[in-house]
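For reference, the structures are reproduced in the following blocks.
Next come two complexes built around chain A: one with chain B, the other with chain C.
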Partner chain A sequence: MSGEISIQKRQSNTTRWLLAPGIIWMSLFLVVPILMIVYVSFWTQTTFNISSDPTLASWKQFFSSDTYTGSLWTTVRIWLIVLACTFIVGYPTALFVGLFVKSKTLSTVLLVICVIPFWTSFLIRVLAWRPMLGKEGAINIVLLKLGIIQQPIEVLLFTELSVIIGMTQIYCVFMVGPIAFMLSRIDRNIIEAARDLGAGFGRIFWKIIFPLSLPGVVVGAIFVSVMVLGEFATSGALSGRKVNLLGNIIVTQVGSLKWAMASVVGVILTVVMGIVIAGLLRIVDLKREL
Partner chain B sequence: MDKSVFRLDGVTKRYGDLVALDNASLEAGENEYISFLGPSGSGKTTLLRVIAGFEPPEAGRVFFNGRDITNVPAHERGIGFVFQNFALFPHLTVIQNVGFGLTHGKSGLSAAEVEKRSLEMIELVGLSGMEGRGVDQISGGQRQRVALARTLTMNPKLVLLDEPLGALDANLRSRMRTELRAIRERLGVTFVHVTGSENEALAMGDRVVVLDRGKIIQIGTPGEIYDTPASPDVAHFLNRFNLFDGTLAGGRFNAVFGSVAVPHAVRAGKDVYAVRYDRMRALAPTADPQGPAIKARFIASEYLGSSMMNFFEAEDGHVIELEHHLSLGTPQSFEARQEYLLTWNPEQAIVFGREAAR
Partner chain C sequence: MESRILKPALGLYVALFVLFLYGPFVVLTIISFQQGPEGGPQFPIIEWSTYWYRHIFGLTPPSRIAPLPFGEALLRSMALALMTMVVSTVLGVMSAQAFRRKFKGSSFVFYLIVLGMMVPGVLTGLGTSLLANNVIGIERHWYTTAFATHVAYTFPFAFLVMLAILNRFDSSVEEAAWSLGVDPWTTFRKVTFPLIFPGVLSAMLFAFTLSLDEFPRTLFASGRDQTLPLAIYGTFSVEIHPNIFAFGVLTTLFSFALLSVYGILMAMSVRRAKKMAMQEDIV
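And now, the complex of A and B:
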């Protein structure tokens, strides 16, 4: 019938109009730039100039240099360690906020408290670790005063450790949030039922609570991974230039106008992130949880 | 009742100022189906949770199999609990749900034995062939059966069901009623079933416990409860009586329908005159009722399959219901907004009063 057809037509028109802003935005600022980066990574770079003659030189340079491949492995290593740390610190916190706190108001208040550090700027949060961790920083002073150590601990600042501490603190809340959300959605009767069936706390946790919170863990891990893999500021401010992540390389290359090399690193970083996200999404079917 | 399975002795439970259970005492025998009937907030679910061990009582003792279990934690009581919303483990399959207690509790059974017993239980509740399904891939009635099977695999001597049919649609509800009774009879365990529906309580319970505001107000067989409600409140919950407020004095009850001689009355906190819906008759307004009568306007009727419910409105706005069993013949037809004279045999009325002649 013609009436039905015109309704269908109108609906498909509406769909198109609703989709248009998103598609235009994403094409202009995501698809085109990515294609551009891939394209530029094959350009010919000379010391003071860059030309669009295609070449594999930058790619070859990346994979033949220990500095560059080393920074790839450093990035992966730091990412894995920070991911593990945010999970170890974040999961118990989320368990407390999302499951053990019975009042909804209190658990909201606790989540807001986790977010309070974000009211200051990113750089201040990172730099605040310097007077904490430094040779004459707060931690060393307290430990010296207590007589626990005789010499200040020097490995605390300007090492990989300080980068890991800083990143764990900054990104932990992105792990806590999604996990606490999933935990708070678990029906308390389920836990009571499991207990009534004779399961102890350990069994209830591993067989019921943890599997049901897994989608939250995956979402949290994706947040943390994406942010840590693209990091350059924390490592720049807390490592004393000893830890070079792919992000730091991009910053230096762009700074010296080495667009082709920066693009190569950019493409590699994007591919790594894509693999990580795809891998994490295989753990759970997020579609079922939404 | 040959042997007592559980006994409650003066159980009291408060939430702040609210008294959820007030000195409740009760005894249940082996192989019995007991239903707890009461409006919401009457304490029936609290009572169930106290028996299960989810809530500790402030005063009183709970005995199970002759042992005082008041301070025993829920999972060591050997009492099964079926939750109102079933509380199935959403990420597990049917058989994993049913076998959960055997696998993760203290049964000490091998995986093969657990599977065998789980499959037996799945067959018992009529879910054979569904054991591999996820619990979100089955219907509400099937989920109900999984919840029951999960509890029954633990071989409880007592199973507590918290409004088990509340989440099901009407058709399924009546089928599960029969099913629940049949499953219980096959296993020979005691079921305690909490419900807010008087039909369900009367249809399913070997005995019915009526609760109101934290107090047990009557315990009896469905027949006893139906024929001789112990108080106006019980009569009210049963939803089968027209209740008239009035005063009982000197063997006569005075109310809107005039003064009626009362040969026998039940002692109660207030004076109420109760007439069962199916004991009411409607006459033409000019007829001689030869007994108590009240004028009322016909509002509407409702066809219930086996009977016809007719609704009348008295002059004071009180709605009076009249049930006609269709097996007794074709129902009268009434004209809307017309006045009729409603009458009954005073000997069939149940009268409650402070000044009861008992």
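And now, the complex of A and C:
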């Protein structure tokens, strides 16, 4: 009896030692830094210096400036549009890969094909959209050759549209993966049974396939949301500095050593992120589904 | 009935989707063969040439376009990715190993670790540099502060990969070793580790590639010396030349080489496992 207890004790000791390094690392280099952002957002900022005297000045400055509040709404708008686009673009692909392709090999090959572009550096992938979208870019050349347009489209590059196109392409795969995974786990017999009972594809899709793929949609939406909300490189490189997301404000503020303001924007970004993720997790109980 | 129309339609859609995914890369590759040094990063191609590839390696006569300042940055990024890979994988294996037993607060620890891949890089980068720069007052370097953020980012991936592997792990082989009196550490080294090695390889691959291309965290946390993504970002603000695209093609090829090494190692470890299983059958 006592031997069993001592084994249990030793095991829980082992667990503690195995976990300690990871917990310490994450606390020191993830939790403490985020708390620092909250703390520094109340510091006093002067032109050349920053001191730890508490003040609300930076917060007031954020909410009284149209540039800053505007960037908050731009971020929310771009996030919603890109989220919708990645879903619309990604779902049919996931449907094909996860449900319609019968052979396991082919669906793996298709998923690998989707992942390969990620082997190019993220920043160069962003940059590659410039010769794609420009006035003399690939899209305009192709459309002109096909005779679909007579004049090159100029709104493609250095606008909000180019940011949306770029982000959709970069992030849509994060939608495809989780949805395809959930779809591939659907028991085909359920679909067969529904079909035998005379249900058409539309009915089968809305009553069976879509609800069962919802956890995948939520996971994909969390991935895309986290990445789009924290973005600044794509918006910086493709909008010609016309689209300023919260991330862009943080970068410029840090660049001019306005740490307090950068922290205020950081806190706001964290709050937005928290609301978005909590809202998405409300839709499905992931712990139960996975 | 519906699959006769729907399946081909979806197949066609997927083809368009792949075109959408690969479009920029195709354009990037085409433009990397632009004539130099006058040809810019746009269409039309004046004349096909390998000028910009030679330009990267300094094999072209000097012109007004400076070579990309990527040499040292590349070395730094590789060193950082290697460091990150080792630490993240070790932490990931340890934590996942701990999660095989039920313990109090396990879901808290789980979320604490997974938080690392959920918080945007802008925030961890900003927070870490605030902590180093304003609160503690130390200098930021790629091998200190940036390294800390890289591990905080890649460790969750390694952890999740290992968790998935260990969930399917048959612990009866370990119990057999214990009952023969082998101590836990030797059991882990001789029994558990060889069996989970494919997972360890995947965790390493994840950590290495994520760290190599990590940008937002590094931007804030790395201080004076640039890593490769920062050096690339630096070229954004000045005029862009096709050499950056040629560089993109080369790094992609390098990634493929890396992936092949991973594939070979994976195939080897699978074959060894099969061979061991066969020997057991014979005995």
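Rule of thumb we're sticking to: the second predicted complex is superposed on the first by the 284 of 290 C-alpha atoms of A that agree within 3 Å, B and C clash if a C-alpha of one lies under 4 Å from a C-alpha of the other, contacts with A are read in each partner's own complex, and residues count from 1 in each chain.
Everything below uses one rule, namely that contacts are C-beta pairs under 8 Å (C-beta built on N, C-alpha and C of every residue); 3 or more make two chains touch, one makes a residue touch a chain.
The structure displayed is predicted, hence computed values, not measured ones.
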Contacts of A:P211 with chain B and chain C, given as first, second, both or neither: first
Comparison of chain B and chain C by chain A residues contacted: C
Contacts of A:M227 with chain B and chain C, given as first, second, both or neither: second
Which of chain B and chain C A:V109 touches, first, second, both or neither: neither
First, second, both or neither for A:E192, with chain B first and chain C second: first
Partner chain(s) touched by A:A84 [first = chain B, second = chain C, both, neither]: neither
Touching partner for A:I50 - first (chain B), second (chain C), both, neither: second
Contacts of A:R203 with chain B and chain C, given as first, second, both or neither: first
Overlap of chain C and chain B interfaces on chain A (superposed complexes): 200
Residue ranges of chain A in contact with chain B within the complex: 187, 189-190, 192-200, 203, 207-208, 211-212
Complex interface listing, chain B residues touching chain A: 52, 54, 74-75, 80-81, 83-85, 87-91, 100-101, 104-107, 150-151, 154
Chain C - residues contacting chain A, complex: 2-3, 6-7, 10-11, 13-14, 17-18, 20-25, 27-28, 31, 41-44, 91, 94-95, 97-98, 101, 103, 109, 112-113, 115-116, 118-124, 126-131, 133-135, 148-149, 151-152, 155, 159, 184, 209, 213, 215-216, 219-220, 228-229, 232-233, 236, 240, 244-245, 247-248, 251-252, 255-256, 259
Chain C-touching residues of chain A, taken from the complex the two chains share: 11-12, 14-15, 18-19, 21-23, 25-37, 39-40, 43, 50, 89, 92-93, 95-97, 100, 110, 113-114, 117, 119-125, 127-132, 134, 136-138, 141, 169, 172-173, 200-201, 222, 226-227, 229-230, 232-233, 236-237, 247, 250-251, 254, 259, 262-263, 266, 269-270, 273, 277
